[in-house]
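Both of the next two complexes hold chain A, though its partner changes from chain B to chain C.
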Partner chain A sequence: MSAELTRRSAAELAALLASGETSSVELTRAHLDRIAAVDDAVAAFLHVDAEGALAAAAETDRRRAAGEELPELAGVPIAVKDVVVTKGLPTTAGSKILEGWVPPYDATLVERLRAAGLPILGKTNMDEFAMGSSTEFSAYGPTRNPWDLERIPGGSGGGSAAAVAAFEAPLAIGTATGGSIRQPGAVTGTVGAKPTYGGISRYGLIAMASSLDQAGPVTRTVLDAALLHELIGGHDPRDATSLPDPLGPLAAAAREGATGELKGVRVGVVAELGGEGYQSGVRDRFAESIELLRGAGAEIVEVHCPSFEYALAAYYLIMPAEASSNLAKFDGMRFGLRVEPSDGPVTAERVMAATRGAGFGDEVKRRVILGTYAHKPG
Partner chain B sequence: MTETTTALVPYEDATARYDTVIGIEVHVELGTRSKMFCPAPAVFGEEANTSVSPVSLGLPGALPVVNEAAVEYAIRIGLALNCEIAETCRFARKNYFYPDIPKNYQISQYDEPIAHDGWLDVELEDGTVFRVEIERAHLEEDAGKNTHVGGSAGRIHGAEYSLVDYNRAGIPLVEIVTRPITGAGERAPEVARAYVQTLRDIFRALEVSEARMERGNVRADVNVSLRPAPDAPFGTRTETKNVNSFRSIERAVRFEVSRQAAVLDAGGSVTQETRHFHEDTGETTSGRVKSDSEDYRYFPEPDLVPLAPSREWVEEIRASLPELPAARRRRLQSEWGFADSQMRDVVNAGALDIIVETVAAGAPPAAARKWWMGELARTANERGVALAELPVTPAHVAELQSLVDAGRINDKLARQALEGVLAGEGTPSQVVESRGLEVVSDDGALLAAVDEALAAQPDVVEKIRSGNQGPVGAIIGAVMKATRGQADAARVRELVLQRVGEG
Partner chain C sequence: MPTLDRNEVARVAALARIDLTDAELDRLADELQVIVASVEKVSEVATPDVPATSHPLPLVNTMRADVPEAPLAIADVLAGAPESEDGKFLGPQILGEDA
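Right after this comes the complex of A and B.
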């Protein structure tokens, strides 16, 4: 039963919970067992919270037994990328500079997960401060691709993608600045979506580039991604860049699409994405996908986004510029690592320098320095 | 402090040879309930680090959200300073590392302030009006407060360790920047002081801040430069930081004028730097050298969307602005019929509000002014307290005057009654009662005293009888003396004339 449970989609598990065929405690225990069995090899998790997850599961079971109306995913366990702050659970963003830091507050999306009764299994590995595409640049060691342990799971959210691919969790939270949700999804054969900017609150997301960061679902099915997106998305008054409009009916659309009947659905294909710089395999799969959609009855229309031409150049300026400022707060003064200089006076400036020197990895330092120059006028 | 002290040039000599240009940056802490970018209460004097939140501590993941009340206050200030209110403006990050800045950047406004291009008319003590041009007023968040422990005089140099209190971090500030103030000449120190004082009064009238200088609610940075003549280019300026009393502002400008004149006289050049003002010596000393464009690596704050106050909202705020202090003074002066000099004295003595209250309590304005600017000002001065701190209320003064006007006491008795009130003996009526101060206008009692006085001075009676009314005063004086000042003088005069006529 346990092995079977971990192979189900979140929507299927939700149905089993709703019908009383399983409990959240049973589901959570099954996934904790799976983590215990495979995570030494995969290394998807930085921190597993068995006790907290089981307690949350028991609480959800109690609420269900009491007849409370619960969201569809209530009771389905989830893994959270370690760049999202979790009250009472260590949060490192894959960096030594936050080693041992236990946040005193929850990110908005974590609040929503907890309120909906999803047990949090633990925190997943990532490239330090989400800077990377392979999860090799975590200060706590690399995560492996469950399909082939000699390969990378992509990044920066390799931990969340690997956890879902290895059946350690049916659902996970990822975050993306460039491609940190989708690229690991592609590399591990899972579903990852980067929602429209402002669609999911960034409150409690440790920022790399505020203008670009966005959290999103990491799952094994499109429907699961839609269900999770609906659960964590929507306006948040604590994030000024959060969109005021309610989300569209994502899960309904996913269910409709799953029937294989797409008549009346119009799909735009951005012409500028068909240019140079893609591997032929990638381009071929993309073209095949379009044909599949067309075959299912969708109308395919070409759309133009002329500014896409500048996207990469803009990204490489905005990302380090904002990151260098966002990462300034990691200075050993208030939280996390504090390193005093080994010799000479212990002044605030020297403690900040020693802490940042010891706490940040090379890639983080590169981007901070690059971004600092990017701010300089003239 | 490693500074070669040049002998100062006497102020009058300095201003005779150089033209002074000043510029003033004023920070005012807004009295909003919560902080600029988070719901933590904006409070003063609480236990350290208790009024904080993930946002005001700059914890990883926390995001700012603009406090609407702070925006409204900033617009109020902008409108009161005759500024244009931006249709859209952005916040910017000012990046620098310092432990009292939790994020190591301050959210401020850079090239897009919420208010810009205004002016403020400043009235000097002698009534001269000087117009100060306002370049901009922008919103930002305050820093925390460092306390340096050990070492000397609480300064960072030589301290054993430093403590940081983040209660103040994130309290909303409006920074108001003047254009270079020219044409003030030797009155520049006075203009600087009057400008900040006028701003303080405006903040209070607008109810955007308690504006208490001693609490640092209002902080001024004063820029000073000298040039050989009013048509010469600006000289190099210094910026004296955080000058926190009106008197200090005036002294700091005077000192810098004298100091810079000495540097220039000696053929040297003024260093562009920040300077610290020392209350005890009245001197400024060198802080840090400032490059022309100090590099704060400003860039638009990506965690906030642009601020776009609608024109309707701005007009609503404009319509709801209270009467500003200068207009109020003009109105009151005309209502009260005070001369310019009388009004200036009232304002300079800080007696305006208390006279308003006294008039509201029923006293004629002239009487209210007479009491507060006379007897009570003297007492306050002797006791070294402000008028409002005396144990006399505007209602007491109004009551006192009403007793005079009703003829129940005369001026002399009124002063005695006031003494009683000041001594805590109760209201004026109670004091009149308990001290038995009421004017005696009962003819029976008065006639006895009049007869006695007349009998004692027969020569005077003769003079009056022969048509010379001058000496009546002497008789009245004797009667007053006999009744310990409580006689109704007018009635006494009538009785004296009547008695003499009868005789």
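Right after this comes the complex of A and C.
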């Protein structure tokens, strides 16, 4: 039963829980067993919290037995990217500068997961401070693609995508600035969505570039992504960029789409993204997808975004500039690593420089330096 | 395009409060060109008469109700600090010995 359970989608597991055919403790144990069996090879997790996950599972089982009305995904275990703070669980963002730090509070989305009764299996690996597209730039070593351990799982959220692809977790949380949810999803054959800016609270996400950062679902099916999105999304008074309006009916749309009937759905194809630079096969598969959508009744329209030509240059300015400001707080004073200079006076300023020099990896240093330079007037 | 040298990188690294090795300074000198090139590219369209955009959606800061909430427990916060004393963060001196 245990091996079969880990192969099911979250929606299927939720149905098994609702009908009493399995328990959250059984589900959680099955996934912890799977992690123990494969994660030495995949390295999707930086930290596994077996005890905490099983305790949360038992509590959800108790609530269900007591007749409490629970959200659909209650009891389905989940993995959380290590850039999202979790009270009582180590959070490093893949960096040595936060090694051993245990946050004193939960991100809003984690609070919502806990309140809904989803056991948190552990924290997943990522490129340091989400800066990368391969999960090779974690200070704690690379994550491998479960389909082929010699290949990358994408990044920066390679840990979450690999955990879901390797059946170590039915659900995971990712975050994205410039593709860190969707690109690992594509590379591991899983589903990832970057929500509309402001759709999911960022309170408790360790920020890289605040004009672009968002959290989102990482799953194996579109319906699971929609269910998780609905669960963690919606307005949060603690995030000033949070959209005040409620989310649309995402799960209902996913269920409708799953019938194979897409009449009335209009899909835009961006003309400017049809250019050069794709690996052979990628554009063919994309064209096939368009034809599948058309065959299912969707209306395909070409749309134009003439300023896309400037997008990469804008990203190369906005991302490091904001990252250099956001990472200024890692200064060796209030949390994480503190390193004293090897010689000379031990002043606050010199301790900051020594700490950041020792605690940040190459890519983080590069982006902070680029961003500081971009901020320079003139 | 202005060329960037190691001294420029060292100055920026000092502003960013990051100790860099000589090898890192050399490597980054080349990479700063990305910023120069990106500024030039964006400047083709982001001319002075284009108003600044902070957000693509018609969203202004959404303020929460002004209701007091319990702050984090001091002991929990200080538990993650490199050093603390008397319920406060403890850091090195701000000024040098002679100040």
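Just a few scattered comments:
As a working rule, the second predicted complex is superposed on the first by the 377 of 378 C-alpha atoms of A that agree within 3 Å, B and C clash if a C-alpha of one lies under 4 Å from a C-alpha of the other, contacts with A are read in each partner's own complex, and residues count from 1 in each chain.
Note that in this section a contact is a pair of C-beta atoms (placed from the backbone, for glycine too) under 8 Å apart; a residue touches a chain by one contact, two chains touch by 3 or more.
All of these numbers come straight from a predicted model, not from anything done at the bench.
Of the two partner chains placed by the overlay, chain B and chain C both lie in contact with A:Pro103. By the touch criterion defined above, A:Val368 reaches chain C but does not reach chain B. When the shared chain is aligned, no partner comes close enough to touch A:Leu89: not chain B, not chain C.
Using the contact criterion defined above for the overlaid structures, shared-chain residue A:Pro237 touches chain B and also reaches chain C.
In the superposition on chain A, A:Asp331 makes contact with both chain B and chain C. Once chain A of one complex is fitted onto chain A of the other, the partner contacts of A:Phe360 are limited to chain C, with no touch recorded for chain B.
One of chain B and chain C touches more residues of chain A, and that partner is C. By the touch criterion defined above, A:Ala207 reaches chain B but does not reach chain C.
When the shared chain is aligned, no partner comes close enough to touch A:Ala226: not chain B, not chain C. Applying the stated contact rule after C-alpha superposition, one finds that A:Glu349 touches each of chain B and chain C.
The residues of chain A shared by its contacts with chain B and with chain C are 101, 103-105, 211, 237-238, 240-241, 328, 331, 333-335, 348-349, 352, 372, 376.
Chain A meets chain B in the complex at residues 84-85, 91, 93, 98, 101, 103-105, 107, 202-207, 209-211, 237-241, 321-322, 325, 328-331, 333-335, 348-349, 352, 372, 375-377. Chain A meets chain C in the complex at residues 101-105, 196-198, 211, 235, 237-238, 240-244, 307, 310, 313-314, 316-317, 320, 324, 328, 331-338, 340-341, 345-354, 356-358, 360, 362, 365-366, 368-370, 372-374, 376. Per the touch definition, chain C reaches chain A in the complex via residues 9, 12-20, 24, 28, 31-32, 34-35, 37-39, 41-42, 44-45, 54-57, 59, 61-65, 72-73, 76-77, 79-83, 89, 91-97. Taken together, the chain B residues at the contact with chain A in this complex read 54, 57-66, 93, 95, 97-99, 102-105, 162, 164, 293, 295, 297-299, 302-305.
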